[in-house]
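The first chain written gets the first letter, and so on, giving A, B, C and D; residue counts start at 1 in each chain.
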Amino acid sequence: MSGRVDLVARVRRFVERHCIPLESKAHVHDPAALDAALAQLRPVARELGLYLPQMPVEQGGLGLSWVERAAVFEEAGRSYLGPAALNCAAPDQPNMISLLRQGTPEQQRRYLRPLAEGRMRSCFAMTEPAPGAGSDPSMLCTTARREGGGWVIDGHKWFITGAVGAAFCIVLAQTGEGPTQFIVDMDNPGLECVRAIRAIDPYAVGGHGELRFTACRVAADAVLGEVGRGFVYAQQRLEPARLSHCLRLMGRARRALEAAQAYVRERSSFGDRLADLQQIQAMVADCHIDLHASRLMSLDCARRMDEGLAVKTESAMTKVFVSEALNRIADRAAQMCGALGMSEDDSPVALILRELRPFRIYDGASELHRATLGRRFLSSKT
Amino acid sequence: MSGRVDLVARVRRFVERHCIPLESKAHVHDPAALDAALAQLRPVARELGLYLPQMPVEQGGLGLSWVERAAVFEEAGRSYLGPAALNCAAPDQPNMISLLRQGTPEQQRRYLRPLAEGRMRSCFAMTEPAPGAGSDPSMLCTTARREGGGWVIDGHKWFITGAVGAAFCIVLAQTGEGPTQFIVDMDNPGLECVRAIRAIDPYAVGGHGELRFTACRVAADAVLGEVGRGFVYAQQRLEPARLSHCLRLMGRARRALEAAQAYVRERSSFGDRLADLQQIQAMVADCHIDLHASRLMSLDCARRMDEGLAVKTESAMTKVFVSEALNRIADRAAQMCGALGMSEDDSPVALILRELRPFRIYDGASELHRATLGRRFLSSKT
Amino acid sequence: MSGRVDLVARVRRFVERHCIPLESKAHVHDPAALDAALAQLRPVARELGLYLPQMPVEQGGLGLSWVERAAVFEEAGRSYLGPAALNCAAPDQPNMISLLRQGTPEQQRRYLRPLAEGRMRSCFAMTEPAPGAGSDPSMLCTTARREGGGWVIDGHKWFITGAVGAAFCIVLAQTGEGPTQFIVDMDNPGLECVRAIRAIDPYAVGGHGELRFTACRVAADAVLGEVGRGFVYAQQRLEPARLSHCLRLMGRARRALEAAQAYVRERSSFGDRLADLQQIQAMVADCHIDLHASRLMSLDCARRMDEGLAVKTESAMTKVFVSEALNRIADRAAQMCGALGMSEDDSPVALILRELRPFRIYDGASELHRATLGRRFLSSKT
Amino acid sequence: MSGRVDLVARVRRFVERHCIPLESKAHVHDPAALDAALAQLRPVARELGLYLPQMPVEQGGLGLSWVERAAVFEEAGRSYLGPAALNCAAPDQPNMISLLRQGTPEQQRRYLRPLAEGRMRSCFAMTEPAPGAGSDPSMLCTTARREGGGWVIDGHKWFITGAVGAAFCIVLAQTGEGPTQFIVDMDNPGLECVRAIRAIDPYAVGGHGELRFTACRVAADAVLGEVGRGFVYAQQRLEPARLSHCLRLMGRARRALEAAQAYVRERSSFGDRLADLQQIQAMVADCHIDLHASRLMSLDCARRMDEGLAVKTESAMTKVFVSEALNRIADRAAQMCGALGMSEDDSPVALILRELRPFRIYDGASELHRATLGRRFLSSKT
């Protein structure tokens, strides 16, 4: 256990000494600049024994349980460079899990190993623009039909985080036998990355791509897992992915809070130090209460996952609460910083505000989870 | 552990079979009627092995740890009769702890034993009307001066829960040597229970009394604990008392939610079953999320207390969050029930709403805790 | 105009000198005690020229326009006795309007005149317990069938405000020709007031009755308005009724705020006067902002009604906003008063909190209005 | 009046046909690109008779009263290009008012006329970084001392909206005789625009500059108004400036709402059109309620200003309410649009969200106004 505690302290130190000093507004909406920063940070992380905390030891990881990951992910998340520097950021992190679970040995050799070693990046192509699959996967419009011994994929995807500069994508497409996962190399001539969508969150590694599959041919061995089980895999992917987001983004919100606290300790107005004003004190208290509750809900999920228990309901409740709570924290932090909190050059707070906003939408909007949860509670007898 | 789980199920059964059927609007603001109900319920609780869960075995209790108490208190709390039926309700529960810790053997014989056995009730007299001690104990106006071998107490107290029908009170008074706790028999001629305050919460066992101490003489052995250490004892009392409130009142809020869920499952409006409407589903989801977070925060406090860790900060954060969350739950439950939720005769919800409202004020208003917490976080370097 | 300003000042004086001194906890859930207080107050109001402000001069009223009524109703509403003392309280006020618009000369002679003169009270029986008409009038289960030259009414109503001690009710019942309004004398042998429902709001004049119509025979001239147009009349009744509620209850919320302001100006804690604490200042500011917005929205509705414009949408928006805002005000007022705010004996605040709570449900729950408004905005092209 | 109504329709048409088609992500943080767009739009606005609505006719304006301006500003505000295209955007709009009121004929000739004609832009330099004047003007650190016949200004300003590309600034500096306004040409060698601050709001005309005054010499006639009355002028400037912001930004929030409404009318998920889901309907309703209340509060201020009444309190209440309400509207609009609402390329919503965020801080943070308002209400006897 003391090794784990020490690990958290070492991650914190790594973030303070290596990641934060490298943070730069030049990274905003610039995947290449981000990749360059990561290329600098990952060797350091590896040398310090912090790399790949979530993967099994045999894959080169630290083999941490979910509970152990919790504090590590939160500490890494204080910098937007931290999780990717440790190679525990989305979408590579869940893609590695998918390849580990559903990949053939050959797929693992070709895709999992270089991902784990940080030699390539990847993306996961599920979301489609209207009228395709947004939060409702059953509206999937992308298709794959068998032809020759292989498949031909046609379709349109967007908000595909990590697409710019990725080596391959895992794409979800409808087949005659049901939704299916395929691995497609990004340089496949039938796959075009139309553009990088400029989203409100400024720092996505690999941006948010819009992809078009046009008569995109792949071989039979491009299928990941079993044909027709694509939704099942997507579901399995979702719960750990959500929890990982919660953990990492708690670090981001905490960073904003730390910046706000430092500011109000120094700044005065109308004869009072801001930290001595009750409204500021109340905002600080509410931030810590939100953070405390977020942490406990996330830890509870982590514990259940380590114990192999179902977390369908807990994970959805946690996602809703944490995403809303972290946005409240960042909003209060910005408010406490006044004009400084609105400058993207002079404080990390404004950009954290932008970074956290989509979390209330991505991975299922809060409203969707509330409706689903409500129906579930109302149909059970609890 | 399975014995503990079983215990929770047995408490639940006791509440369903014995407490809820005895609930009656005749108990509203009628301490005598409440006492009569308890006299009926306590022997059953004792027989079923559910009595005094929080006290050590040697005092006739079940010797539960804080973590073990958590689910038991919540289940008991589903009925307003439950906690008192098990003799784990305030103010007797914290008074027993004070007597256990600070009482002389003789005080324990005279006061603790009959309290534990349910043969008498007690109260704790700290709060004073303006300009005395409300949330700020340093404003204590009640005094005790040495005279003869004993003490003479003068002062004015109000919102003294449990006062009506109590056999004794523990009163906090200022002495030349500092604030001090005294045990005063309620039939002391210098102590008058001026009235029972009709507060918004309808079911306080023993009501909320207003007490006047006029040249109230007590012997030297009326001092509980050491002279001058009254505030220290009051502080020690506070944290477990808060947590116990959180646990019991979670049961009350859950009861309101259960009633609302049952109603919306049956009731239709404009062609839809209420349970099929998204706004209702979202309210139900938010209630469960609030309850889940409340439970995890309370359990975390309980675990820390069992481990002997400090909970000063956690207990205050928990009190603020849980009191606000439970009020949101009851409010949503009432709203879901429509007119039915406004009737105090036809559903438990309206009275639960009234019962929970003061929890945001008693034991320190949310605003007070927020200011204190904020200052603490801002003066530390976290 | 100066006469109108003066009128508001005179209403304020009447409330301060006559109504508030008569307020008493003995009125809680005691319609007879309330009636006795009104019997004392109405002659004074009449003598002071304040009586019946909303009725035409030819009916003995002051003939105020809606805009003129606004400030008068708000001032009257500061005391729970005020509106009824001026005979501008629900349900008599909207019943007078219905009788004025739809009543035959004979019905006006028999029912409107004594109502206006304050010689009798009335009620309006629409709401039914599940599975009948709650917020959805189309679920109306009460029926009226023609028999002999008259009608026979059967059905079950509840939450019929004003029923206890009323001389007659206007009841909505389904007929073969559509929903229809009937005037039924309360002493009709086929009509039983089963009980007064103890609702969370403590001061309803005439309480909230549960009525049972069992083969209740009425003559042909009991029909109010045209057969089959009951819903149209109920709709017409609703918009002015809602606005009147908003106006009167703003006075109640303001009363709570005044009490809280007076308290925090005097009370100190931890070395500060409460009024000097920023959290208190922010609560006070938010109360005034809520009140200001509520007033402007109500006045805008009043102006539109005076100009004969449609207020379907504005009236619903106003009802939602004002009911939620007034509840926030009362809640903050209670919170500012601490324990005092929880005592129903020592401050008006706790009972105002109870009085205002149902306003978010009665006359259409906020959720219902939101869904209807949302649909309307989404189907229009605005 | 019909001319005014027609004016609003014409502004709406201008915005639809000319401004919105010119909107481009190339304008984000690019003052030069914005200026180019304005150079294209202003002649059209002038030709259509929509230019300079707020200025007196003798200054080439339309001479609208505040009430008349309200709807015009809101319509113009639907596009971020609208208000500047009509030359009624901050900071030029309030600067023109200052020059009109306090300027000498020569100052008006040199600065007001070209501003009004759109031949130059200006800025207002008050805010300073810590420890200077933020929300508290008394902390003013910039100084001006008399030397020769003129003045020498030294100081540091930031968040000076409009600075990039401005021809002159009005700067507030401390003198021995009190705070004083000076007009300084931006090409003064003692004045450097250090940088444009990249703030969260993307479209400020002229950006947000950081300015450094180093031994900046100006002639005696650079003083605007009287020496020592700078704060009085700044105060006078504030109230109309706030109201103008409210009016313009209501248009922005409405634009976001319109986009969201259009989206949910088309988009389906899980078998339902989003517009048919109650949670969406409730969000739409709450947006319209917030907008309705914001409009009425702004109009009330406008009316008072037209009547020459004080609006100190009303203007602060309006600023707090409207800034918070508009942020709620934009946030709900983004949430309704899902992933689309997060794209800055595919919908205006995400950028409107960023644009509105600072409004809760600029012109006095909500917390500051709440404290000030609370104190004012608590010290008066209302």
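Remarks
Simple rule for what comes next: a contact is a pair of C-beta atoms (placed from the backbone, for glycine too) under 8 Å apart; a residue touches a chain by one contact, two chains touch by 3 or more.
If you're wondering where the values come from, they're calculated on a predicted model, not measured in any experiment.
Separation of chain B from chain C in touch steps, taking the shortest path, is 1. Taking the mean of C-alpha positions as each chain's centre, the chain lying farthest from the centre of chain C is A. Taken over every residue number at the interface, the positions common to chain C and chain D amount to over half, indicating a same-residue contact.
Separating the centre of chain C from that of chain D, both taken as means of CA atoms, is a distance of 43 Å. Taking the mean of the C-alpha atoms as each chain's centre, chain A and chain C sit 53 Å apart. For chain D, the set of residues touching two or more other chains reads 277-280, 282, 367, 370-371. Across the complex, chain A meets chain B through its residues 261, 264-265, 275, 278, 280-286, 288-289, 292-293, 296-297, 300, 314, 317, 320-321, 367, 369-375, 377-378.
Per the touch definition, chain A reaches chain C in the complex via residues 277-279, 282. For chain B in complex with chain C, the residues that touch the partner chain are 25, 127, 129-131, 134-136, 138-139, 158-159, 195, 197-201, 208, 266-271, 277, 279-280, 334-335, 338-346, 350, 353-354, 357-358, 360-362, 365-368, 370-371.
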